[in-house]
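This is the structure I have questions about; it appears just below.
The first chain written gets the first letter, and so on, giving A, B and C; residue counts start at 1 in each chain.
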Amino acid sequence: MALKRLRFITLALALSLGASLLTGCASQKSESLVIYSGRSESFISPFLNQFTALTGAKLDVRYGDSAALAAQLLEEGTNSPADLFISQDAGALGAISEAGLFAQLDQQVLDRVEDKYRSSRSDWVGITGRARVFAYSPERVKNLPNSIDQLTLPIYRSKIGIAPTNSSFQAFITALIQSRGEAAAANWLEKLKANDVKLYEKNSQIVAAIDAGEIDLGLVNHYYLWEVSKALGREIAVANGFFAPGDTGNMINVAGAGILKTATNSQVSLDLLTYLLNDEVQREFVKATYEYSLVLTDAYPVGLPPLREIPSPRVDLSLLANLSKTQALLIKVGLI
Amino acid sequence: MSQEGWARRQSRPSIALLVASTIALLAASLPLFYLFRRAIDAEISEISLILFRSKTLEILATTLGLTAAVTALSTLIGLALAWTLFNIDLPFRSALQALVILPVAIPSYVFTYSWISLIPGFKGLWAALFVLVLATTPYITLTTLAALRRSDWSTYEVAQTLGLNGLQIFVRVTWPQIKNSVAAGSLLSALYVLSDFGAISLLGVDTLTRAIENIYRGSFDRSSASILALILVAISALVIRLEERSRQRLHIIKSSNRIIKRAKTNDKLKVKLIALFGIGSYLALGLAIPLFQLLSIFLANSTSINYSLLFKASISTLIAACLGALIALTLALPVGVLSAQGSRLGRVSDKAILIVHALPGIVMGLALVSFGSSIPWLYQSLLLLSFAYALLFMAKAVGSVRSSVDRVPKNLIEISATLGLPKSATFRRVVIPLATPGLLSGTLLVLLAAMKELPATLMLKPIGFETLATQMWSYSSIFRFNEAAPYALLLVLIAAIPTFLINRPDEGDGIGGDQI
Amino acid sequence: MSSLEIRDLTVELGDRIILKNLDLSISSGSFAAILGPSGCGKTTLLRSIAGLITPRGGAIRFGKQLVSVSSLVLPPHKRNIGYVPQEGGLFPHLSVEENVSFSLGKKTSKKERDELVEELLDLVGMPNYQKRLPQELSGGQQTRIALARALAMKPAMILLDEPFAALDQTLRAEISQEVVTLLKSSKTTSIMVTHDREDALVSADIIALMRDGQVVQSGSPSEVYLKPISAAAAESTGDILTLPANKIEGNQYLSPLNSPVEQIGQRAGYESGQILVRPEEIALNLEPGERRVSAKISKINYYGHDALVELNFAGLAQVVRARVTDTKGLEVGSNIFVSHKGPIRWVPEKATDQ
């Protein structure tokens, strides 16, 4: 009886082995692009399908977490099968750029976006923008803070949430160190901690916690409002707010893409990048994700100010590739 | 006189076994080799920065403390569940025996997520302890139940006649007979905690595995991450050593082929009620509440399910996991056999396989990316993905291979030889069939774990090849938990099949139903 | 069918020497019993013959074929030996039929296989048991199937390790008779290891007595019973009385039973010796007479078919047991006149196993 079962499994093995060899060979076609995408399938695949419909180029997409995909690309090095890397945030792009794995981009493509939203090495370009905001409960917070320094005041004691392990928070702290110096950043973090700040794992948990009344205010990216509302399937009692002009709390991070040196089809890759930065597609992005277009001045999420009106500080996005100094600081303060 | 066919020593293991075991050892060393290579890249200053910062100490303490606490508690609960289910005549006992194993089929991230969504603010060390204890208890319940079914019932009867009470019988008669199996289950539980990322990250507990993940995420610094991973390897080696020390060669020989059937016990209603309450609590916390929560997430905001996608993902999951389980069995079999024969190569390979089991999926994924990306035909093929599953989880098979091969009576092997069968034929016709129940359940454990695997799957799967776990991830990463829920439920349902197969109570007597 | 010749066999297990310079020869087609107390090394001997143990030294020969010399051994699967271990050792995962046909290669057709199985099951008295599983069989049935399994390979030799130890007394006599008759009629050289002297005496053509890793005596059952070479050897095959021999003068000895021991000339060179007497060789007489010694009955153990009478002699500390079939006229406490009716056996006191 047991032996028969074993035989059946052996048969299954033989069959699936044959199948696996087929799959292994299938990805070696020349007319296709291999894309590593840190952006989710449901968001990006409609655009990619449209590109395929337009150009006939077959796109093979490996979806994953941006940071994990970056680590994978670093590990693959020159053996990478990937042509294009689309990332959720600038840090992962910076890491690939720093390792010298990205190819130089065409100036025309780079010029689609402002230079602060692209690589200083000209090898990756931002596609959409995401603003750091404070999410808050309009019901409970009447006096909005105009600087991150006010968050350490006693009125906000035990009422603020942050996600210190999240890379978007760490990017913000990196910018803070850059603008004020390490000692001042550490001082601010310590005061925040002393104000009994609540720690969360994810931005979405902070927004949900504000909605649930656990806290009143939290430091998040602007689009989590919509995501949480959509996930819960209802309106939530949370709003986005900006600090005073130039405050680091308003920094803009980007999601972007770069073409790898290993690309077998860099022309199609470039075509795809151009396509993603096209006006029409950018408009669609804003609708689908509530993120900011980096190309169009008039495409921005409903209810928020346009990108250029956000009083954001100037931040060198290439610094986000290495957050170890920031992590060390957060560890020292005891937040992670 | 011809010397052909003569042997000088008979106990020498066959060449085929040695070669196969060497291959398994090399396979298991692959990630270790990768870690050393990456760690060497690190600057000395960087190493000392990582090793000697106070946070590392804290992480180590958390890791060790959590591992110890989870293992201790899950061992206690698992032991209690198994003992109760074996000894007390409860209604629906067979069904209960299978149900208490079922939480093993729920991925820890799903499990944790369902609790978080149920209790706002559910996080931290205590929450992690709670979730991990519930999730790892089945490993101990499973191994203990199997050992109890195997133990010699007549010794309990003798002990009763010698005037021992229930507790004394357990301590002096039962425990020595099941100790090794319990320890094997505890080891799996400990290694599970060491390598878990799903629950730990959602609950915000800083263990080594999460620290490794954070380094990759924050600074893409693979050499620092490798150093931490090597510390994890050292801890798992320590845990394995502990388990090995507690293991003793057992000489349980059933007095004959005739099995002494246990008499039907006649327990008091009160005892039964207490037992049912205990088992019911575990099932409620470990199974019913998470599943109910999943279901209600799905129903609260139900969308139309894409059935063809769901079906395709199920088939893909099964194919990849089955292939992985078979590779694991192929690699674990020679190692387990050699290890049972006391060969040094077997024991070293055995340990290497166990050590690798504590590595987080992302480390294993990157190791195979590093090694596989230079072989285009293999890279990101189903074969490599299955191989990753095998490497990650064959530790779950090697223990049961070792012990079930070990349990094949030596005299039957000798008789087969005297009946004219060479070693290879004896192995095929006597050892394998007798060890099959154990081999099968070990393989099914690998299958279960492979079905739930996520980080290595994302890196190594062929493009377009979606498993239930990757689909679930792809929805939940954009907060569409309601759309992820059907995948989670189906994963649990499919995983329930091997879970029931592993723990067939009806075939549990005699040599059947062996585990670990 | 082949003879067995063992020379100078030495086996070590761990640090212990189990067999020490053991010699044994068994002629082709005979049924041999290796008889000895537990721990004397008899199972080790059997396993060495089967090739399951690598000896440290010595040679084993099947007929003309050398199968083991020094530590060079022919592996068991090439020896063509049928091994029936204690309790049968049936494969629990195989049916009776599959167990019996286990040794048959792929060359044997299904039909031939079925016929052979049927024939062998008939032979061991278990027809129609083909589909049964070992767990469903009694101990004796398991042994018989194990025998059928061994016979299926048409072995040059059959080795049986305590085949009847697990059986209860009544079953034992019956089954052992059946098995022995069967093996003898098949003319297969058979070697049975046993610690039961009745098993050995009843069934074997030749008995090898083992003590402490050596064969101390071998020969036909009557030979080893009637002419033991030492007290120990005598004890292996039955109850024995060892009495001191009183030296009178020269080569003349006198037993305590007052019968002169004459045939001791050949044993010259030994200062002292023992006289070995079987209890049934002592005659009890109610009347005194020539060469009758007076003794007092201290106890009577009555067994039905016979009785053991314990006697005290004046000047002899030892209790002497006599086996009698008739207890008429015997009473505890009364005096009786004892004579010796059997052959006189004298063994040197320090007789070692030359």
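FYI, a contact is a pair of C-beta atoms (placed from the backbone, for glycine too) under 8 Å apart; a residue touches a chain by one contact, two chains touch by 3 or more.
Bear in mind the structure is a predicted one, so any value in this text is a computation, not a measurement.
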Exercise. Think of each chain as a node with edges to the chains it touches; is that a line, ring, star, complete or other?
Worked result: line
Exercise. What's the chain with its C-alpha centre farthest out from chain C?
Worked result: A
Seminar exercise, completed: Sorted by contact pairs, first entry is A-B
Problem set entry | Between chain A and chain B, centroid-to-centroid distance (C-alpha), Å | 35
Seminar exercise, completed: Chain-centre distance (mean CA atoms) for chain A and chain C, in whole Å, is 88
Seminar exercise, completed: chain B and chain C have mean C-alpha positions lying a whole-number Å distance apart equal to 53
For this session: Quick one: which residues in chain A touch 2 or more of the other chains?
Result: none
Seminar exercise, completed: Where chain B touches two or more other chains simultaneously, the residues are 433
Exercise. So in the complex, which bits of chain C are touching chain B?
Worked result: 47, 50-52, 54, 66, 71-83, 85, 87, 89-94, 102-103, 134-135, 137, 139, 142, 149-150, 153, 159, 166
Problem set entry | Sites on chain B touched by chain A in the complex | 53, 55, 120-121, 123, 201-204, 206, 214-222, 224, 300-301, 319, 322-323, 326, 362, 365-366, 369-370, 373-374, 376-384, 386, 433, 436-437, 440, 455, 458-459, 462-465, 470, 474-475, 477-482
Seminar exercise, completed: The answer for chain A against chain B in the complex is residues 2-3, 5-6, 9-10, 12-13, 16-17, 19-21, 23-28, 34, 40-43, 60-65, 67-68, 70-72, 74-77, 79-81, 91-92, 95, 165, 167, 170, 199-201, 204, 208-209, 212, 214, 227-228, 230-233, 321-324, 326-328, 331, 336
Problem set entry | Touch list for chain B against partner chain C, complex | 1, 3, 5-10, 256-259, 409, 411-412, 414-423, 426, 429-430, 433-434, 510-511
